[in-house]
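You will see chain A twice below: alongside chain B first, and alongside chain C after that.
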Partner chain A sequence: MSEQAKTGDTTVPRSRGGSNALKSYLGAYGFMAPAGILVIVFFLIPVAIVLYLSLTNLASSNFTSNLAIMEFIGLKNYQTLLNDQFARKIFFNTIFYVLVTLSIFNVSLALLVSLLTTHIDRSAGFVFRALWILPRITSPVVYILIWKRMIAEAPFGIINQFNEALGQPTYNYISTNPWVFVVVVNGFIGVSFGMIIFTSAIESIPRDLLNASLVDGSSKLQRIRYVIMPLIRWPLLFVVTYQTLSLLTSFVEIQLLTDGGPGLYRTEVWSLTAYHRALSNYFGNAQWGYGSAFAVLLVMIGVVLAVIYMRVFRFDELIAEPRVEAL
Partner chain B sequence: MKVTIDNLSKKFGEVVGVENLTLHIEDGEFVAFLGPSGCGKTTTLLTLAGIYKPTDGVIRFGERVVNTVQPKDRNIGMVFQSYALYPHMTVFQNIAYPLKLKKVSKADQHDRVRQVANVMGIGELLDRRPGQLSGGQQQRVALGRALVKEPDVLLFDEPLSNLDARLRLTMRGEIKHLQKDLGITSIYVTHDQVEAMTMADRIAVMSGGHLQAFDSPDELYDRPKTQFVAGFVGNPPMNFVDVSVQASNGRFFAETESLRLEVQKERGAPPASHGGPVVMGIRPEDIQIASDPNNGTVSGEIFVVEPLGREDLIDVRIGRHSFLLLADTEDRHQAGERVSLAFDMEQAQFFDPETEKSLLWQ
Partner chain C sequence: MFSRLGIALIFILVLSLLTGIVGAQDSISITIRCKASPPEEDWRCNNFAEVEAEVEANLGIDIELNLIQDNAGWGDYKNEFVLASEAGEAPDIILSGHEDIGAWAPAGFIIPLDDVIGMHSEFDDIVPSLWDSHGYAGQIWGIPQDAEARPIFYSKLLLRDLGWSEEDIESLPDRVAAGEWTFADMLATAEAAVEEGIVDAGNGWWHRPSNGPDFLYYYYGHGGEVLDMEGNLVVDSEALVATYELLGGAVASGVLRSDVIGLDWNEVWHPTVAQADTVLFAAGGTWNWPNWAINYVADKGGDEFLFENIGLTLIPAMATGKAITLTHPLTYMISSGSENPDVALELIAAITTPEHNNKHAIDSFHLGILNAQLESEAYANNRLLSSAHYMLDHTTALPNHPGWNAWSNAYFLGIQAVETGEADAAGAADIAIAQMQNELGDGITVR
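Our next item is the complex of A and B:
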């Protein structure tokens, strides 16, 4: 006699059997479908296409609309890339740019702005935060033009005009300190993301908890250290992870500000190279295949980093088991 | 520690939290703030704790004016309605937190937390997190955290209102016992008048940001100075009727078109000399259903019977007046039944309908 038959007539809920499980999974997949389809269409399929392109020698110089004769060259693009004398420099440029911008602006300054603006008068805090959002909602072209105008050489640059008026020497900022400006320009935009997330996290800590901490004898600083920081751990980790990945892949502001220069690859980052090689007519030739190899490596770095973050920060521990149990 | 509050006001812009509050609380006294929702109890408490700055007035702990003293320098313990335990800390760390901030050594922290935990009966739970505790256990942890630093003043903000009725009863006893044992000046906010009556040495009755009365529970119950206090203290609440009190031949009668009750001279003379209509108050426990009608009783009809277990709460209609009273369940009264009521007029209260002040006690 089967297990099913023995207990079939009772009303005791049984462990999930075959068709039941399928049903409950179907429900789950159904709910995941909208997000899943987006990920497939806008991430997995493009990655697959780029991956394939990176294994071909497709370029504007040998372009053919007959895809059947597109030459498959295996890993040759990757070989070229590894032997590329500038790839190494660009790689370390990228690490430098991401680390510095992330740590100083996207996380630390964002946290500082959130903590400060939540500890002052509410409406004043709101105004300060609104100001910090301006760089993000301004079109990148306009935003970069403003910066360029600020730091341009004498006699055009606004800062240099002040220098002149005050009898100071003038500077060509972008050629003497390109990294400072690449980081600052991106950092000012980067602050707002963390700021919004951190502020909402801090605001949603129950008032009683914050009051209890003061009554228990902490100063405002100790309260930040012992109560607020631990309670916003999750948003903090989220911002670190998310912003690392978005800094890795964003290049518009750098392209507009320095376009990787001045000189040879001084502020060139990996994603910008992928763009330059594949789409920006590199010495008259758009190397779609070779550029794709750069893009594929970037995706791989991103995935590896994401996995490492999840492990190191133990994201799975932060997510509670769903409260709704399927019966 | 004596706590002296003089003319304290706290306003949030236009909104009045509490206004012109004066209270002198003795060392070791247990004072309850009692009042309906929104009357300013929490505001007063948080102002005492130093979370809010007073808009006006002076607060003294002992002789020290603490108006601008930071919460951390006031040496207070506070228990919140929501418990406000730190979710990321274990029970041990929660209780040890005030000690850690005081830079007490690790070993001493350990001893004192253990000791407090044992007193609170949560010695077994020290490694758990608040999320893994029941409401009652969380309440004990919160109390332990407030007590561990041996505060000069203990503040409670409706600490029992999230507990079930049974647990509330036990905790009530425990808190009162502990407070008397430790002799820490305590202020206990509640809107439950049973809690206030049973626990407090004195009760501050508040309403709309103003102090209505500050007296011992018995005093508030027997000699309420305002109609608000009379109605708020006591459960089920006092019955109020508009009457006029007439004197005839040295005797006094409280009258309406359907009622005529004799009042003793001490209680009847002041409302009679006040003249015009007054409000008479009589508690449910001072009205009995008489078994045999005589000339002192009034006849009425039972409108509704609400069984409370030990006794029935009965609403009796006399003319257009309605009186709540309590009767033995054994008597099995039914709605629609006609009954005779005997009023114990020695307990009747009289209030000026304009000022709502008592005509008997000033």
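Our next item is the complex of A and C:
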């Protein structure tokens, strides 16, 4: 024991506290290190590379993986992007797609399915939830082929065969209602994520709490409104945040279903444009630099939205130590 | 010192090593990447397997041939080669569209062939006009694999319903080639078919449902040019507006569907056109024919059904007064990363013969590339090929230029705008030109 300790000097606990704090910090960083390394290797470094690519004129016709010999052109790609007559349209398409899909399917329908399947027989609820997971676990190509076969025009599409049989006109649904199907097709996939999170949150609410509300005379709807909803607030906010960012970057189903059409970019979203520019072009000579500029802006939008969500939804409170523990 | 047995063992060991080294030196690996629609286009890669032994014997080497073939989308296929080249894993021979020369030659991914083409007499017989689409910066960068025509397919069935005589129907290709029966006549015929209820509105004429080379012949047909004399990109605004007027007018008159762009090739376009009872005129490619015969009307008699009900003709004359078509030769190019370009070229030369190219031409209805092939019995007696080969005399081609993708994408935007009614012809031209200028900057001249 040190001299200071013998004298009861207050620095003793501080010294020991400092050591403990250091250990605590090291432990925390140690535990965070694997995740941190993943973020650095698979997010920060790629973002830095894409940012650099966006400042070059890299294309198939001058392609190289050597960053040092790429031709640096400053902000020219961003200037071209801002002057693109369809950039604004594609931006608002993206906002529309994210908002509508998120609000109708990824949150509302997911919540509805969770509530309904947790209020019926347990095994029946499990079956219904398993059915809703099918779109998620089906290969996107197969999933879209099924949809295409469903909505193709007569005599090839199933829905139009019903239309014909009922004496109704037939439609090329992709042409007449592209957004409806883009949203529905993506929404059916998106429901499953929220459904799983919400269901597990609802199932983890103590049964006596739920039963108590019924004993107190509430209806099941009132129980949902005043007991369940407040208790699943955090999972709800998490799903909103996560799915917003997920929808911002998703484009595979849109590419397979409409490829951004019909007409002038009617269903083209920002991430699909980045893909089209940088990675896929019928006539070759993909524009890696220009496509990277689209990708960089998408990352910036995602980061800004993530920060806004964290502030608005007060995520610091979500991860804070429970007050009962802090006492 | 050494026993006799020991010396003998050392001798055998040294001999084995030497034999192994010599053997290893003689075994040369050649990888060939082809894009082909099976089964009718399988000869694009399979022909190499046919000549492997012959080339081995000629060169006195052992070739380890790796043929990689699938029917991937063009965008993915081309990117794969670009990335593989940069990674040092490119195939020795890549088969792709000739327009890729415009991107891959300046990138250094393929090698010029001027100095070596003369070493192989097989190449002397290639139809001279095909070399035009294989040049870039004054050099030749590829060997033609095939040629084709992109014709108008017409439904004999529906023309008969419209009151055309057999003589009228059978003479149509000749009248089109002579410039007597024009694109305006075609639209008028289609309009009459719609008005008389022989076809539904929008089914008088279909063009392809996605971006592709075909659309350029409407622009060429109005006198438009893509490259100037110096090889720089240009756009002729008058020809552009006229092209968009033609396409927009066809939609407005009920001849062409406003949503034809976006139709699924395999789910809707091919099965509909191949039946010959729904669409009067369809702009396609010669290779569509065997695809239809095998996949869509095999139960009705395949080829025989098609000959009975569908004919093909050049694209009727537009403003220039000349019937045209467009050929998009696929090209064997040799990777700059190939360690054995001479062997690769030897293999290409070995399959550039009437015998081998005829297999591909006949099975896939692509046009021949060799003069001798055109005179060969198998080719000349093929009813389909003989009905289309003359089209090569009227053909046009895509340019080989790094900026071609930006040009063509902007041009296609205008087509989408005018057909969906989002812009009139002048507005569509403005959209296309603004897009070209934004992306190509000083690299495009508007005339």
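Just a few scattered comments:
Definition applied: the second predicted complex is superposed on the first by the 290 of 327 C-alpha atoms of A that agree within 3 Å, B and C clash if a C-alpha of one lies under 4 Å from a C-alpha of the other, contacts with A are read in each partner's own complex, and residues count from 1 in each chain.
Simple rule for what comes next: contacts are C-beta pairs under 8 Å (C-beta built on N, C-alpha and C of every residue); 3 or more make two chains touch, one makes a residue touch a chain.
Here the structure is a predicted model, which is why all the values come from computation and not from measurement.
Upon superposition of the two complexes on chain A, no clash is found between chain B and chain C, which fit side by side. In the superposition on chain A, A:L264 makes contact with chain C only, not with chain B. Of the two partner chains placed around the shared chain by superposition, chain B is the only one that A:V215 touches, whereas chain C remains out of contact. When the two complexes are superposed, the chain touching more residues of chain A, out of chain B and chain C, is C. In the superposition on chain A, A:T80 makes contact with chain C only, while chain B stays out of contact range. In the superposition on chain A, A:F42 makes contact with neither chain B nor chain C. Contacts of A:F92 after superposition on the shared chain: neither chain B nor chain C is touched. In the superposition on chain A, contact is made by A:K148 with chain C only, not with chain B.
Judged by the touch definition given at the top, the superposed model places A:Y226 against chain B, while chain C stays out of reach. In the superposition on chain A, A:F162 makes contact with neither chain B nor chain C.
Nearest C-alpha atoms belonging to chain B and chain C sit 52 Å apart in the superposition, given in whole angstrom.
In the complex of the two chains, the chain C residues touching chain A come out as 73-76, 78-79, 82, 85-87, 96-97, 99-100, 102-104, 106-107, 109, 210-212, 258-259, 261-264, 267-268, 271, 398, 402-406, 408-409, 413, 416-417, 419-420, 422, 431, 434-435, 438-439. Remark: chain A residues 206, 208-209, 211-219, 222, 226-227, 230-231, 233 touch chain B in the complex.
Against chain A, the residues of chain B that register as touching in their complex are 46, 49-51, 70-72, 76-78, 80-82, 84, 86-88, 97-98, 101-102, 145, 149, 155.
On the side of chain A, the complex with chain C involves touching residues 59-65, 80, 83-85, 148-149, 152-153, 156, 172, 174-175, 258, 261-264, 279-287, 290.
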